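Down below is the structure, laid out as C-alpha cells.
Letters A, B and C name the chains as they come in the text, with residue numbers starting at 1 for each one.
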C-alpha cells in the first residue's frame, strides 16, 4: 500500500533520513521504533508531504507522492495524528472533530462517524462543547486520535501517542489502537515505548540516527538482543 | 626510493590588515581627487553615500547582529540632527529662529566636532533608557515597540516648538559637513563595527541571533549584549544625523520618519543583514540606483522617445526591488557574510606549485 | 463643565471611533494569526476603497453604488497583495514579512500620489451623513451612529462566520496551529485568501466611514489608521480576534479620555501618550489583555 524507497531527507545541510526503505500493506499495524532524534517524526512528516525528500520514491497504491502537496496527500486518506497531540486548543471538542472531517467531500458519513468516535471515547462526548485546551493530556490524545478518525483514514499514522501520559491512560490508548487494528484500519505507529508498540504491531522497523537498522515481525524484534538491551530495559520477561 | 625535490614558486599574499590599510589609502587619494576635481553634484552624492553608510552600518549593528529588528533608529538620527544643530547654530540665527530657548542653550555656540559628539552621546543615553525597557522584548513585539518610539520622537519634535520650531523647517544650519568629516566618521564607524563584529562580543550577538534560548543557556547575557549594540548603534546614527543636518542645512521632523526608515532598511537588506561589507555594498548600490532613478523621474529623452516626468516612480521601483530581493535573495548580496579578503587574494593569485624530480 | 450630556456624547464619540479601530484591527489580527505577518499595507486598503468610491461618485453614480465599488476595490487589491507579495515569501522570518508589507505600502502610496496628486480631495458624501440628530438633551452625529450600527452588524456576522461555517472555523484552527491545520487537510491557501478578503472588505468599509467623517481623501490617509489599528490589536492580543475588537474600543475610549483629561498644553502629545501606553503594555503584558501568556516552546 505505502512504499518508501531509498528516501533521503535533509534539513538544510543536515541529513535526517538516510536511504529509508519501508513498506506497509493494507490492514497491517506497523511500528516505527527509535529513540529521540532518530528521525521518526521526520519520516511521518515526509509521508504527509510537509517535508520533501531529496532522493528516493514515495508511492501509495501506485500513486507517486514524492512531490505531492500535504493537501493532496490528505485527500488520499493518509492522515497523521501528530506528535504532541496538536489539537486546536481554542476550538471546542466538537469543532476539533469537525476540522478532522474537513477533507471529506461526501458529508453523509460524517454524522455517524461523530457518533462512532464518541462511543469510542465517551469522555469526548461529555465535553463536546468545551475548549480543547481545558482537556487533560490523556483526553487531548483521545481527541487527537478521534479527530484523525473523523477524516476516515485509509492509512492512519500516529506519532508517539503515549508520550507524557500516565501508564493507565497509555494502556487505554493502546487498547483503542488495537481495536482500530481489529476493525481493519491500516496503522503506522511511531513510538519510543517499544514494549507496548511491539505487543500490538504485526511488523516493526527500528530507526537509529536516520537509518533503518532492524526490521521484521514483532515477535522477532521482541527477542532481538539489541532491542532488548536498548529499548526494553534489559529483559522482556 | 628517491626523494622528489620540489621547488615551488610561492606568491606571498598581502595580509588582510595590509589590504585594508591599502584600501584606506586608496579612499583618501580618491577623496582628494574628488575634492579637487569633481563637480559639486558628484561631491554631494559622495557625501550622501558616506552619511548613508554610517546609518546603515549602525543599523546593521542593532538589527543585523542581535536578532532584534528596531524600526526606531531614525528617531536617534533626529535626536542627533536637532541637538547638534541647536548647539552649533550661530547665536544670531538662534535668537531669531528659536527665541524661547532657555538661557544656557541660547548662549552656546559650539564647534562642529564637539557638538556632534555630544549629540551622539545624548542619543546613546536615550537609547540606554529606552533600551532598558525595550530590549527585553523580541520578535514582532520589539519591532512594534521601537516603531512606537519613532512615533513618540516624531510627536515630541512636532510639538516641542521652543526647542525644535515644531513642524516648521529648522533652517540656517551652518554647512560644516564636507567630504572629510563624513568619510572620517564613516571610516571610524566601519572600523568600530567591523572590530565589534569579529570580537567575542560579536560572536555573542550572533549566537543570540541564531538561537536565543541556547545562548542564554550558555550564560550569555542577552539583555546586556542587545542593549550595548542598541546604544552604540544609536551613537553612530545620531552622528550621521548631525552630519546630515549640517549638510542639508534645513530639515523638519518629517525628514526623520517612515520614508527615511524604509530607505535605510532597504539598503541594509539588499546588502545583507549581519555583514558590515554587505551594508556598504548595499548602501552604495541603492544610493546610486536611487540617484539614477531620481534623475529619470524628471523625464527622459532617449533619441526620439520622450518619457514624461513621473515623480514618485523611484520610490515605487525601490519597493519593487525590495520585494524582489526578499523573495529571491533574502539574505542579500553578501548573504550575511563578510568579504573574505585573504580568500579574494588567493583567487587572484593561485599558488603555483612546480614539481621537479 | 462635565455634564451627563457631555459624558454621553463623548461616550458615543469614543464608541464610534472605537468601532472603526475595531474593524481595522480585526483585519490585521486575522492575517497575523495565521501568517505571523504584520500587514502595514492594510492601511492603504482604506485609501484604495475611498478613492474608488470617490471616482464613482464623481462620475455621478449614487452613493450606495460608490460604496459597494469602494469595498470591492479594497477586497480585490487585498487579494492581489496576498498573491503577489506575501504568498511567495510564506515561511520567511517575521522580519522579512514585516518589511515586505512596508514595501507594499510605499508602492501603493506612491502609485496613488502619481495617479491622484499628493494633495487631498474633498469627499462628497451625501449631506444626510453629515447631519446631526437631536434626541432630547443629546445631539449626535448621524455618522457616529451609523458607524456604531454598521460595526455592530458586521461583528455579529463575523462571529457567526467564524463559529458556524467550516471556512471560519478553519481560519481559527489555522491561526492556532498552522501545521496541524495542514495535516487535517485544511486548504491553507484558501483560508489565507479568505482572511485577506474579509480583512480588506472591512478596511473598505472603514475607508468609507472615515472619508465621510473627515470629508476628504488623500494618498497617505491610511497611515495613521493602520498605526492605530495596530496598537488596538496589540492591546487586545496580537492575532486574537475578540482581542482585536476589544482593543479597538479600548483605544477609542483611551483616546477620548486622554483628549479630555490631558492639560491643554499637552493635548498635542496625545498620540505620544497612546504609544507610550502601548510600550508599557508590551512590557508587562505582551500578549495583550485577552492573549494567553505563551511560553516559548523549546
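Throughout what follows, contacts are C-beta pairs under 8 Å (C-beta built on N, C-alpha and C of every residue); 3 or more make two chains touch, one makes a residue touch a chain.
Predicted model, so just to flag it, every value in this text is computed and none were measured.
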Highest-count interface - the chain pair sharing the most C-beta contacts: B-C
Central subunit by CA centre of mass proxy: C
Most remote chain, CA-based centroid, reference being chain A: B
Chain A-chain B separation of Cα centroids, rounded to whole Å: 52
Centroid spacing, where centroids are CA-atom means, of chain B and chain C in whole angstrom: 34
Separation of chain A from chain C, taking each centre as the mean of its C-alpha atoms, in whole Å: 42
Residue ranges of chain A touching chain C (in the complex, touch as defined): 48, 50, 70-71, 74-75, 79-80, 82, 86-91, 95, 98-100, 102-103, 147, 151
List of chain B residues in touch with chain C within their complex: 69, 133-134, 136-137, 139-141, 143-145, 148-149, 151-152, 155-156, 158-159, 213, 258-259, 262, 265-266, 269, 310-313, 315-316, 318-320, 322-323, 326-327, 330
Partner chain B, residues of chain C touching it in the complex: 36, 38, 85, 88-89, 92, 94-96, 98-100, 102-104, 106-107, 110-111, 113-114, 223, 227, 230-231, 234, 238, 268-269, 271-272, 275-276, 278-279, 282-283, 286, 296, 298
Chain C residues within the chain A interface of the complex: 166, 169-170, 172-173, 176-177, 179-188
